[in-house]
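Before any comments, here is the structure.
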Amino acid sequence: MVKFFEAKNVVKRFGGLTAVNNLSFTVSQGEIFGIIGPNGSGKTTLFNLISRFFPVTSGEIHFNGQQLENLPAHKICNQGIGRTFQVVKPLRRMTVLGNVMAGAFLHTSSMGKARTKAEEIIDFCGLTQFKDSEAKSLPIAVRKRLEIARALATEPKLLLLDETCAGLNPRESEQAIGLIKRIRDAGVTIIIIEHVMKVMMGISDRILAINFGSQIALGSPQEVARHPEVIKAYLGEDHA
Amino acid sequence: MNKIKKLNWLFALLVLLAAIAVPWVIKAPYHLHILILVMVWATIGTAWNLLGGYTGQVSFGHAAFFGVGAYAAGLLNLHYGLSPWWGMALGPVVAALAALPIGLICFRLRGPYFALAMLALGEIFRLMFTNLTEFTNGAKGVLIMPEITSKMFFYYVGLTVLVVTLLVTYLIVHSKIGYYLVSIREDQDAATSLGIPTTFYKNVALLPSAFFTGLAGAFYMNYVAFIDPNIVFNLSNVSVMVILVVMMGGVATTWGPTIGAGIYIALGEYFRATLGSANVLVFGILVCLIIMFMPNGIIGGLETLKQKFFRSGTGLPGGGNGEVLRS
Amino acid sequence: MELLSQTIICGILLGGMYALIAIGMTLIMGVMNIVNLAHGALVMVGMYVTYVCAQEFGVDPYLGMFVAMLVLFFLGCLIQKFMINRLVEVESILPENQVLLTVGIMLVLTEGIRLIFKSDYRSVVTSYSSDTLYFSGMAISVPMLTGFFIAMLFTFLLHLFLTRTDLGKSIRATAQDRDAAVYMGINASKITMITFGLGAALAAAGGSLLLPLFYLWPDIGHLFTAKSFIITILGGLGSTGGAIVGGLILGIAESLGATYISMGYKDVVGLVIFLLVLLFLPGGVRSLVKRWQA
Amino acid sequence: MRRSKWQLAMACLLSVCLLVTVTGCGDTGTDAGKDAIKLGVILPLTGSEAMFGTMEKNAFEMAYEELKAAGKTTINGKEIKLVFEDDQGRQDVAKSATEKLVNQDKVALLSGGYSSACTNVIAGSAQTMNIPFVAVTGSADDITKKGWQWVFRGTAAPASKYTGALWDMMDNVIKSKTVAIIYENTDFGTSSAKGFRQECQKRGIQVVFDQHYESGAIDFKPMLANLKNTSPDLVFAVSYVMDAAMIVKQMKEIDFNSKFFVGGGAGYTMPEFKENAGDASEFVASTTLWVPGVTWPGAGDFFKKYTDKYTKEPDYHGAQAYATAYVLIDALNRAGDLSPAGIQKALKETDLMTVMGPIKFEDWEGYTNQTKPSTYVVQWQKGKLEVVWPEKVKSAAHVYPVPNWKER
Amino acid sequence: MLKVKNLNAAYKDLQVLWDVAFEVKQGELVVLLGANGAGKTTTLNAISGLVASRTGTIEFLGQDIINLPGHKIAQMGITHVPEGRRLFPEMSVRENLEIGSLMPEAKAKRQETIKKVYELFPILAEKRNQDAGKLSGGQQQMLAIGRGLMALPKLLIMDEPSLGLAPVLVSQIFDIVKEINKQGVTVLLVEQNVVRTLGMCDRAYVLDNGRMTISGTGSELLNDEHIKEAYLGI
């Protein structure tokens, strides 16, 4: 059987530094797959490898029967993978609607259709009241949601979310988590990076913990949270 | 929203009607001449704006396309004795063809490096057209004898060129392509993540930009009737001037380049007529002031003002945590 | 053979002079990321200062050069502080408006000078203007050789300044990481101002060295702006050594092009090299050296 | 907040400017239109050619004052007025200036034009608008070769005819077998070189070196070293002012000797050339249309008066403008009818002796309304520009062959 | 020594800190804890003057420094060892250290201090002529700390000195921080390694979403369940 998403022995080196070291994992359809790790452990690099912003040094990435690692970056989205950025990259001088429409144009060239679709998604993400605001004037929580909406507009089968909750207050965090769950319920598989484990515990089906680019644990949230290597990575050596 | 759109079209239609009526009101050929020049620059400005303003790829080498368009018209006449009006068909096509390899070369670079590469290419065109004397007549330039001399005729041709350019750029900008172009300007990484092939779309912006610049060049040749490489491939008088025109009017706006061209040409002409030998100096000071205080041009500046006036009341809906902190 | 060696000697001497002008630009572009199209105009203003010194007060151009450097230093500081620096606070759609501001500055400087001095061609003729050394069949112009050595000396002094003094190190530090420089207690805005002034002063020096053998008029700046860009990109941003190598490469390439292709294509050769370097060797000669060291 | 005020202020300023411009452009000149005869002169008063534009403007004004004193500037109670326009050395601006002068200021006739490019454009516009245009300096062959009846050129020779006197001298004295041509790649340079080349072919003289260059180079030595290797008898060079000085200086530096070095006008006769080239200018010859020492009546006076008045020596550009002013006002005085056609007719009938020699607009060898030029060969001798050919007007004997650099 | 009250800070139009208040006393080692994006780095940047818009009071040695430009603050004796080291990559190790001591007093003792730094980090002495950019991660971190020490700071601010380092090195870096503090330098530290830092600090504050939530001595917080929850969600 073809795996929905599979990374095989992925390695990325920058000069002498190994940012991602021989990672292998699979994600099955409909899952929320979490990736955690301390700052600088290679999570975002991994996303950049999947979305082809960087070329892999070695290893293979398969998605839906397609091999990704030799495709140009903009083709990844065509394959059905959407992503958000850790440091949000809104299209600053476009309105929220415009941002989302830019995503919606992937599958249509009609302004009307793109617009209807974008409005639906904006509604789905709870951004209706900001629809005509310029992206640069939005607060951070809205910007993060906007990024998700924009990625959703490309109709992804797999959504890569990079630190969606970082910098949000608890209320906003909860809203974001609610949104992520609704997206999953709508049939989109999600890989999510979080630094804060708390967020991951509630939503992830499985979690991959990495440090120094290598896997240190993989399993259910509870298993991972109790894994001594993870605790060590987060809290320091002698904590148990 | 749709109402606003209809109003916009209505406004455009009114402007067009007014423009069509102008020669029946202003009969002075000198004023028509100024207006014709304004339309030439508005066309180049609008074309440049598509690449520079909307796509964010600031070209310092649009003289290359302008010159190629003008020379296409001139050389047709020189070598084959064809009417230079055929150049209006050939010029833009040649300019667009020239843009293909240029795009392939220069879009490998970003930001100021792209600008510098375009600048170098523009200069290379100038030098090549100066040196290839067999083909281009070199520095002697190309002189034609216009068959038609009526200002009104040129006015309407110029107007048609401008209207077509405005219409096409407007349609491009307000379509999928336009959204993609602005996305590329705002954030290239984000654009890529949305499945936008950025280099391809930069070329998509470059081709019509070169096409219409070439069209303006061919029209210019027909109107002014004489060109030489130092004129049409000139760095400061064409490549830089077009950027100033757009910056003055409004970067990435529909009407900006036209307004900019109007002000630029009219003001330049006025200064020239009134200020004597200090005219370029005053003009230079004005350029500095505009860039320092109205970096997005007159339309951009007015836009900011409008926002300042209206924002204070409404604020952001549901601002909550998003209140803006200002010290 | 004689032709070749004469060509190369000419190229080297010319390249040395170009280099000094370009070092000013490489400083400005490397430290502040400012694409300065007014650079040639600054050279031109410097030359006029030297010219006035020579014509009105009988000061030898090689001494007048120092006056020009001082004047241009302050002029550069003012331009940076009150014009270019202001743009940082201005929100604009296109970051390239900074480039255009320098175009405006160039216009103002050129036309201002024209208003004062008219468009007349001016030159400073010195007793040594056309002295020539002959060396196994090759002719070497004395003012060019002097200029070359002074240019080299200045470059060397600048190198010492940048590597040995705290101020110089602060400039380099600001270039490499502006915020970190502030963490170290460096007043980064003052440093950028000084750097621009220094760049302008060096430009003036380069122009002044050319004065005994060249001539000047208000539009001469364009020539130097173009050359400086080519050299700066060729040598690598912010690198004094790179500017020299870049200057020499450009000088020799132009000379060879003029001898073996045609004088008319001389500038095309320079521009094509410029494009090739931009495309295939971003970072210029300097990055080659780095790669070779690593 | 401060910035927004600035923006508002700028917006206001700009809109006011625009308003003034739109309404203002129309006003200039409509008021005095009736009781003056306007003479439009288009010259580069700013930009890189302003040096010559200013000189020509000065000469025009000087001539005007003299004529005024002689009572020639008032015709039937109407005063002739000079209206100057700046073309910035740009040809689209030249077109605007032409349009303005003709359509706004309603000038009776046009003059001016420094560069060939601008002159071409003004001439074309004048022809289409049926306004007489008398070119001052622009010397590209084309300008009077199009059969344009409204375009006149009296004080400037077609570039390819600058060398008339030189060929006479070549045939009689120099008799070179090999020549080298170097020229700047401008309209004037290319036209001159082409004319020279054709004459060479006609006479079977071998052209051993033929190269053009981009003006403004610091170092001509690579080209000159190449040139040296071909050792021609004579070098013909067409250069702009300062390139000329650079070329002869560097020729001296690389010790390149030819029997005769002759410039094709332009740079080699200017005071700046002598000043910059220093002793390298000695024995350099040039073809030219005019020198202060020429025997035409008033030439020396003009030179002296101009030098006194503007504290700067004029060159042939000044003389061209000065003579043109006389031609124009002469024609206006003779014209029975001050309509364009009347003036055109009067110009056609011109036969006037000026500081540039006799001016007579004739049709010959495909040229229309073109004065047959008198050209000279001049040579720098002991720091002075001496006329050495034609024999009958010479002010000093020619030095030929020129001594080698090292033997001076 | 350092007293922060009602500190609000924003990047452009994005507010990051809300009424942050804390205090560092002479000779203390104080730690700021918090998740990613909680505002730790912003707090430090606000203190050293690199955030454009900030309001409130930051009192250092009795003087309010909230409106001073960054370089003035550095000249007063606050030295910042920034996140990600921020070395001058194309300058040698020695030059990096020299750049650290531009202020008059520090400059007077430059040679002395360099010697001390070399003693603290012998590896730097060995590589003194190499470009900083070519050092390994750990060496770079040492250089960053060394460069900070060169200013003879009254208050040393360190932002995640253990970021991206191998465990062995992390431990080494903490030992050094402790050592520096022992030698009398007041230290304000931002760290992720909760256990290690709580173990060695005098006091600690926890930032959450730009607001101060918990504060106390190291040992108090070490046993606080909230900490664990904040980080691990268990």
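So that you can tell them apart, the chains are marked A, B, C, D and E in the order they are listed, and the count of residues begins at 1 in each.
In this section, a residue touches a chain if its C-beta (ideal position, glycine included) is under 8 Å from a C-beta of that chain, and two chains touch if they have at least 3 such contacts.
Since the structure is predicted, the reported quantities are computational estimates derived from the model, not experimental observations.
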Worksheet item: Tell me, which chains sit next to both chain B and chain E?
Response: A, C
Worksheet item: Which chains does chain B share as contact partners with chain D?
Response: C
Worksheet item: What whole-number Å value describes the gap between the mean CA coordinates of chain D and chain E?
Response: 73
Worksheet item: How far is the middle of chain A from the middle of chain E, if each middle is the mean of its Cα atoms, in Å?
Response: 31
Fill in: Centroid spacing, where centroids are CA-atom means, of chain C and chain E in whole angstrom
41
Fill in: Where chain B touches two or more other chains at once, by residue number
127, 130-131, 252, 277, 280, 293, 321, 324
Worksheet entry | Of all residues in chain E, the ones touching two or more other chains | 13
Worksheet item: chain D: which residues touch two or more other chains?
Response: 3, 46-47, 50, 185, 212, 214
Practice prompt. Mind listing the chain C positions that touch chain E in their complex?
Written response: 163, 166, 169-170, 172-173, 176-177, 179-188, 294
Worksheet item: Once bound in the complex, which stretches of chain A touch chain B?
Response: 51, 53, 72-78, 82-83, 85, 89-94, 98, 101-103, 105-106, 108-109, 111, 114, 129-130, 133, 137-142, 150-151, 153-154, 169, 172
Practice prompt. Note which residues of chain C are touching chain B in the complex, please.
Written response: 33, 35, 83, 86-87, 90-97, 99-101, 103-108, 110-112, 114-115, 222, 226, 229, 233, 262, 264-265, 267-268, 271-272, 274-275, 278-279, 282
Worksheet item: So in the complex, which bits of chain E are touching chain A?
Response: 13-14, 16, 35-38, 136-137, 160, 163-164, 166-167, 171, 192-197, 199, 209, 228-234
Worksheet entry | Residue ranges of chain C touching chain D (in the complex, touch as defined) | 3, 6-7, 10-11, 14, 17, 89-90, 111, 114, 118-123, 125, 129-130, 132, 134, 139, 141, 210, 213-215, 217-220, 223, 254-256, 258-259, 262-264, 266-267
